[in-house]
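These notes concern the structure reproduced below.
All chains are identified by letter, namely A, B and C, in their written order; residue positions are counted from 1 within each chain.
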Amino acid sequence: MSFRKRNIGLSTGGDRTGSVNASAQSQQAPAAPESTPGVRPSPDDGRPTTSTGTPSLDNILAGHGGLPIGKTLLVEENGTTDFAGALLRYYAAEGVVQDHRVHVVGMPEQWGRSLPGLIGPADAVDDKQDKRKGERMKIAWRYERLGEFGAGIAGSRVPTATSGDQSQPTADGSPDKRPAFCHAFDLTKRLTHPSIANLNYIPLTPSNEPLFTTIHKRLDAAIASSPPNTVHRIVIPSLLNPTIYPPESSQPDSVLPFLHSLRALLNTPGVRATAMITIPLTLFPRATGLVRWMELISDGVIELCPFPHSADALATSGAATSHEEPPQGMLKTHRLPVLHERGGGSDQNVGQDWAFTLSRRRFEIKPFSLPPAEGDKEGQDGAVPGNMPKKADLEF
Amino acid sequence: MAPTNTSHRQTHNLLLISKLLSLRDTASPLALVLDSLEQPATPLIKEYIRRAKLSKVHITFVAFETLKPLEGVDAFVAARKKSPLEIIKAVNAAYTNGSTSGPSRRRLILIDAINPLLHARRTDAHFNVSSFLSSFLMPQGPAASKVEASLVVTFHQDVPSPPLPSPYTPSPLSMLTYLATTIIRLHSFSHILAQKAARDRSLVPPVFGLEEELDGVLLGRLDKPIGNESAQGVVLELEHRRKSGRGVLEWYILPPASRYPPQYAKEIVTLLDDHPLYRPPQEPDFGAGEEEPESTFELRLTDRQRRDREGVVLPYFDAQQGDGPGEGGRILYDMGEEDDFDEEEDEI
Amino acid sequence: MPTQPPLPPLLAPYVSSLPPSSLIVLSTVLGAQGNWLTLRYLYAALNASSTSDAALILGERHNGKKQKVVLVSFLRGWEFWRAEAKRLGLDLARLTDKRQFAFVDGLSELFSGPRTTPTTTTTTTTQTTPPSLVPSPRGGPVPQRTILPSRSAPGPIPARGPQPARGPAAVAAPAPLTPSAPSAPPASSREIGPVKRLHLSGKGPAALDRLEKDIAAVVAHLSGRATATAEGEDDSEVLLVLDQPDLLLAATGPGQGIGATEMTEWVMGLQQYVHATVMTLAADLPLIHNASAAAHQMPTPLETEHAAFAIGSAHRAHLVMQLRDLDTGAARDVSGVLRVSKGGAWGQSDNTDANGSWEEKEALYFVQRDGGVSVFGRGE
């Protein structure tokens, strides 16, 4: 009977399911290859998911290991920092690397040029990280270098692989041959990739039509005109930010219909797209009805609350010891895709406090624990070499 | 309060509520019922209808938010999508239609909720609550002028009011309370009891429902919040303005409709203060504390101990004797048999 | 396999046998969505006729009346409801064919017109239904996992073989298939498809009227009456489920002439066509309390109108089912709190026997991964 349950889960949309459901109607299903790069079935219920470009963010999305196709993620940020922008860049860069079609709303082309450079598949980086946890500090550091080297090779292999072996099924056992689902990026480098030119920029140009109607039409047209198998990523940085958007766009009857249409677009059968939206909470607090409605229309809502003083830690600390860095802020998950729509609960991560750390090459989300008391910290810093492994053991 | 005073107030105010609810002598042409989700007006409206039926008053129900006519209503006017003027016309027409069947000279107009009208976009800037309501009470036309009409308007207190068209105009609620001759605020009896219980212990009175300001909570009412079946009923906080201008403020309780037969003619409303749950009858103080121990220590004095204590001459009496500085101030005490004098410790 | 019964016993009295012309308000918050509860309403109404054994239990209570459901969803598409209902054992596609269920899509084209993609813009009944509306086998699950590797071949048709005559090509068949539904002229049934898509056009109350007409047409089609009349003597009762109509209010607002009163009147208009109505609303703190007098800031019109609509609806409701997060924060074995309260219209109609089993209570609920729901008291 557990078999049936899985089948039911599988039938919740997307191309794979379409073919499973044996519907001759689904136009895209026959043509849909099993191994669309960057799309894999959710370990939870088999629905197709795609990576956000941030492995640890993928991991907290209610057990799906990524953002399910057809879902929107609203990233809210307090303060004037731009951690959410980093998440967006990872998301967009991941799309570029995976040959997804990336639509960027309201940003100039410089934004696309500032995407972080590719390091390699995130799996490799993760493996390295796992080893690092268990081993002594020195060895871990070595592995890190090695892993990065190998990852670089694998990463460079990915774009070629995507065009070539599309018929390769995901069920293929060996992890080496499987195209990477998520990649690691380096914020200090610039992404160079052949498909970066394919970024679709949707500028906010004034016209007779309401602004959001124009955006929606252009998104719709761009998605409609692309080949049916294309996976789309819609990137909307800093929605409603008055330096980008005209003031009348923050009227509920302007922005809410847009988000609703966007939701409708993503839910259209045959369209395989995800969207990530960021919004500055300082200008639009969560306590207002407008933002609450934007959250209600979105499938996933996460809030970033940066700690006030940790911004300079980012600059001084090297990436090598990134996982020892103090957290730079709290991350709250207010709503997770699929899970909350079904009624919530039952996720192992629900109720967890999260902290995030942004370093050069990763945006890491991990369970939040209060740091040791201030006085203790100095003592720890003094005894770094001997204590490090133990501390790492304790932490995980 | 002296007993005579209480009974006077009792009879007087009970007579008043009886008159108001039964619409006798047009005691109050415009009654405003302020309800909330915690205590909706439905029981009171049904009581109005019941009494009006008993005294054969013609009832018109103007429904802004009710779909089905309530039982016992003579005319049901659906106000959905109607402009104020159309509503007035329909209400006036309802009576002329109904009056042919029975020669009742009094009529009761119930408005189930005035909020939708105040909120409606279709009401233009010239809409005026006072003229709207008074047009029910004083209909144009010579034929209808003899009718004594009473208007009972329900206003949901917890529904937020729309922003005022001008910052200088009074809010609709203050307008209504100003116009109304009778204002009845409704409270849930169980909440009143819970709040009283808290106040009696000098605790912060609890709040319910929307006032809790909890995410996702609209209603806080539960059937048996204190596990007390008899804590049902509606508490009416009545504010009535007499023709003389004098105001009366009184709290009543309306028992649930299941407690009395629909044809029951006697007054069922009682003063809140007379309700046994609100003010439990004082039990006579017989043999206070004799049965149950209050403490493991005996804190009371026997008569003999009290006498002995009174017999103690306190030091300042001795000091006033004027024996000179440094003298006096002794405790003069006669040792009793139960005192255990210790040579080494005690000194006199 | 769901270890929980589809209808938790504690919940059963509230979701089945709704009194006539009643309104049930289902208030939800961001972290505690009510879709599972909405599905329970669907299940209670539809299950009696879809499976025979439960019909014996529920059928009696409904006095032999057939329950039909019109689901109007403004935030969720057909695919979601179909998949979630399937987890409960309800085959909405088949029920649509049998004219016991109709879905009104308030998501796809509400604000934007039909999509420009030629593949999805379709006009006829058969193609308006999403592709996956085609019922997949409920009784005999295809072992999908095992077939998957071979599925890369561009031919899913072999798997379709075992399900005959259920495809869209067979839509002409359903009208005769419905055994007891009142026979409607088949010509009219062609025009109104099983999935009606709403589109908000124009401004103000006129736009709402148009939506009302569209939904009324679906209701009329389902109940087999040529014209939408008020609920009369009929052998079927239609339950209308409105999923978050408050979106309409939020996304239009008083600036476009749609306020709380207009929305309330719109819902009242819809209520006239059906036996009972279930409506889900957002009751998040900012949407309800920012507009209250105790708030410190000037409320925005969105907040005022939403609060007026939500609270006003609670005043009009017979029953208010309130979902909220656990007060003590999220937990692993509790999804949220369900509070059942009697609404402002409770007791207006005197038939106490129909809803005598309703009792106000507060309980915890837990939605399992497999879709099963358990409802239990605190400490149980």
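Definition applied: a residue touches a chain if its C-beta (ideal position, glycine included) is under 8 Å from a C-beta of that chain, and two chains touch if they have at least 3 such contacts.
Per UniProt, the chains are A = Elongator complex protein 4; B = Elongator complex protein 5; C = Elongator complex protein 6.
None of the values given here were measured: they were computed from a predicted structure.
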| item | value |
| --- | --- |
| Number of steps on the shortest touching-chain route linking chain A and chain B | 2 |
| Chain nearest the global centroid, as defined over all protein CA atoms shown | C |
| Cα-centroid distance, chain A relative to chain B, in whole angstrom | 57 |
| Approximate Å spacing (C-alpha centroids) for the pair chain B, chain C | 40 |
| Intercentroid distance (Cα basis), chain C paired with chain A, Å | 32 |
| Multi-partner residues of chain C (each touching 2 or more other chains) | 32, 284-285, 299, 301 |
| Contact set on chain C toward chain B in their complex | 21, 25, 27-29, 32, 204-205, 254, 257-262, 264-265, 268-269, 271-272, 283-285, 288-289, 291-294, 299, 301, 304-305, 307-308, 310-312, 314-316, 320, 322-325, 327, 337, 339, 341-350, 359-362 |
| Complex contact set, residues of chain C against chain A | 1, 30-37, 75-77, 79-80, 83-84, 86-87, 107-112, 115-117, 119-120, 127, 130-132, 134, 136, 141-145, 147-149, 151-152, 154-157, 159-160, 163, 167-168, 244, 247, 250-253, 255-256, 282, 284-287, 290, 299-303, 306, 329-336, 365-371, 373 |
| Parts of chain A lying in touch with chain C, wherever the complex brings them together | 1-8, 10-13, 16-27, 29-31, 33-34, 44, 167, 169, 171, 213, 216-217, 220-221, 223-224, 228, 251-253, 256-258, 260-261, 263-265, 267-270, 286-293, 295-297, 301, 334-335, 340-348, 350-351 |
| Interface residues, chain B side, partner chain C - complex | 35, 37, 40-43, 46, 65-68, 70-71, 80-81, 113, 115-117, 119-122, 156, 158-163, 210, 213-223 |
